[in-house]
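Take a look at the structures listed below.
There are two complexes below, and they share chain A, which is joined by chain B in the first and by chain C in the second.
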Partner chain A sequence: MSGHVEITGRRAGTVDIIAVKGRLDAGSSEKAEERINQVLDAGGRSLLVNLCDLDYISSSGLRVLLAALKRLKKDGGTLRIACAQPQILEVFTMAGFHRIFSLFPDEAAALAGFTAGP
Partner chain B sequence: MAFSIIGDMFLVLLQMICVIMVAAYLITRTASFTRVLDGLVTWKSQAVLTLLFGALSIYGTESGITILGATANVRDLGPMVGGLACGPVVGLGAGLIGAAYRFSLGGFTAVPCATATILAGLFGGLIFLAAGRRFIGMHGAVLFAVGMEAFHMGITLLLCRPFDEALEVVEDVAFPMIIANATGVFLFALIIGNLIAERQTKAERDTYLSELERKKAELRIAHDIQMSFLPDRLPEVPGLEIAALSLPAKEVGGDFYDAIPLTGGRTAIVIADVSGKGVPAALFMALSRTVLRANALVPRSARDAVREANSLIAEDAKSGMFVTLFYAVADPANRTLTYVNAGHNPPLLFRSGGGRPMTLKGTGIILGVMPEADYGEETVSLESGDLVLLYTDGITEAINPDEEQFGEERLIETVIGCLNRSSAEIVDRVRDAVMEFSGDEPQFDDLTLMVLRVV
Partner chain C sequence: MADLTVRADLGALANIADFLAETLAGCGEDLVFAVQLAVDEACSNTILYGYGGREAGTITIACTADDDAVYVTITDDGVAFDPLTAPPPLLDVPAEERPIGGLGIHFIRTAMDSVTYAREGGKNVLSMEKRRPASP
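Then we have the complex of A and B:
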């Protein structure tokens, strides 16, 4: 069973940062979804998802990110994605996700964007 | 002599403990008792329990151990446990029975003994109420028994005259009575505690099993929905030889394929993958398929059909559900294939002349995400003998026990190895290759593939 994912969370000011490492696939995306929902349930409105060490994303991983984006948009929040690797970007591009997600080359750039407003 | 008295006493005590254990086991196993544990108190069950604990109280009087002329007894045990475990009605009732029997025997301690037995049941019942209509547990119950017997001695001293005689009796029996009753309550509490734990485990297991049953039923329903929305048989398509296969995973995704005859001998070819699992994904698949079919039948371009379907699906997409879709219109008269790829794994076009396949890449965003999204369309020309392989990510992302993915490269090799076979055979070969590769690894996602051969 695949599903090797490591999810860590921290805060930088008002921004919740969730780093997803490993593989985000059918076996592991539920875990990621729970973690993200925890942050959003706690009232988090600025979410930064760090994908620096994400090796692989499947359609169920995309669904988790999309669900978070939809939820935040509805509540007037912001979701940013930092540092997606080329193979992840390829999946994003194939799905057309690069058109609906705010993608940043690294965490610092994404954070700077938050302070400047959405 | 002294040894034999202690030996006899020990035997009588042992016998008493055995009787109490058997009584405790039998009483706690009655339907009336378990009903009370469940909080269902009826007059009938209270009456049954009152009689049982009352009988135990009578036994307590009868089985008394005579120590140096004074009798220590466990008359209070039945009413105490009855009250503690079943409430004041049972406690008081059992106390009255035990007290009446004791009173009928007479003697100068009759009044305080009978009174103490009634109060034992009543106090036990009040503790039951104070604990929130529950048995308070072993420690509390034993402490209560010790306290109750001390109180029993107290009222004996208070009510019996002459005081000197009363004091003598109390001095002799106080310690054995406190020990005997506390032991009896301890045994009862042990068995009741066991019973409660046992029932709790059973309740948890029942919940778990019914949850499992519910989940299984949900998966079966999802599977049925999904299968009912796959074509039983693909239509005869002029100029094309089509074969397809969909193997739903256990937790069911929402793959589907379709071939829809259009006007002018054209055919719409569909392969799609709905995100998510279970009934929601299956229903979303049903919705998407129906919307696509309806839009395919309206005479218009492929991109307009997909754009319209997307805007309808996006309105209904909750909680991040989406569909990856490859939609193509095959036109055998003009030998063209016009396609829209909405975020689906690029199908592979193998030319009859051989060589690496061409990938039919994305022309727009996945369905259900952006209601106002626009889609591009591409047209490729088809030659006789060309072969198009459409598949979902369940094929390329199938993993083997080493957690390697089947991948696009293995898929291409497999198809190239049987390119001159019929569409149906190629479908079987790919399925076999994926199955062989996966080995014992469970199938995670639906496996769906479709092969089009230009005749």
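Then we have the complex of A and C:
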């Protein structure tokens, strides 16, 4: 089984939005990684990961987000995280990830900051 | 003392989290989350690396709480592995230089107040303790 995670994707202008709901653990992070890689493989360079309904994240989940961030930085892209709940933020902080990720309180705030396309 | 024994399979991680939530109901959400994180990281390591090619074994999680603390013992029949020997990760380097991985054991140490490892009767035994916040 792939774990109790639900991943949905949509676009807002030039921004790809991936929402991850449920548990992002060692059993489900591969599913999230595949979805993110699909977006990046298709040329997506502005990625917003919405964690509003994420209940749990482990180091496996953080690893997927870090891999995406590294890939986007290398390619001149941008990754933003929206709406991580306090317990999820605590895990980011434990890892020092609050310093390397752009975290926004909600999706609208994260979207507003992306550079408008030509 | 409540305990749960599962096959060492990634699909069991959500069941382990549910078991801890039920056993620690009333201990406070933040404490339950911290214990779930530590146990999840330890069990993920065992499942991913503990059986290297041979058939997956079993993991037993035993958990209890008193007024002072929550106590968890994780026992598995995987290869001998003392997670406390792992070096701490570098937390202050830029994204480009951050290694992918190495955080799980750091989370176990950070989320819990004490962690001890023993190899007993051919099994890994990881004992962890998390103090409960003082009542307001």
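Criterion: the second predicted complex is superposed on the first by the 112 of 118 C-alpha atoms of A that agree within 3 Å, B and C clash if a C-alpha of one lies under 4 Å from a C-alpha of the other, contacts with A are read in each partner's own complex, and residues count from 1 in each chain.
Here is the rule we go by: contacts are C-beta pairs under 8 Å (C-beta built on N, C-alpha and C of every residue); 3 or more make two chains touch, one makes a residue touch a chain.
Keep in mind it's a predicted model, so treat the numbers as computed, not measured.
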| item | value |
| --- | --- |
| Fit or clash between chain C and chain B when superposed on chain A | clash |
| Contacts of A:Ala26 with chain B and chain C, given as first, second, both or neither | both |
| Which of chain B and chain C A:Lys73 touches, first, second, both or neither | second |
| Partner chain(s) touched by A:Gln87 [first = chain B, second = chain C, both, neither] | second |
| Which superposed partner A:Thr14 touches (first chain B, second chain C, both, neither) | neither |
| Which superposed partner A:Gln38 touches (first chain B, second chain C, both, neither) | neither |
| First (chain B), second (chain C), both or neither touched by A:Ser58 | both |
| Touching both chain C and chain B, counted on chain A across the two superposed complexes | 1, 25-27, 58-60, 62-63, 66-67, 69-70, 94-96, 99-100 |
| Interfacial residue positions of chain A with respect to chain B in the complex | 1-2, 25-27, 58-60, 62-70, 93-97, 99-100 |
| Residues of chain B defined as touching chain A within the complex | 251, 273, 275-277, 319-322, 324, 342-343, 345-346, 361-362, 364-366, 369-370, 373, 393, 397, 399, 403, 441-442, 444-445 |
| Chain A to chain C touching residues, read off their complex | 1, 3-4, 23, 25-27, 56, 58-60, 62-63, 66-67, 69-70, 73-74, 87, 90-91, 94-96, 99-101 |
| Residue numbers on chain C that touch chain A, as the complex places them | 10-11, 13-14, 17, 29-30, 33, 36-37, 40-41, 44, 47-48, 89, 91-92, 94-96, 98, 100-101, 103-104, 106-107, 110-111 |
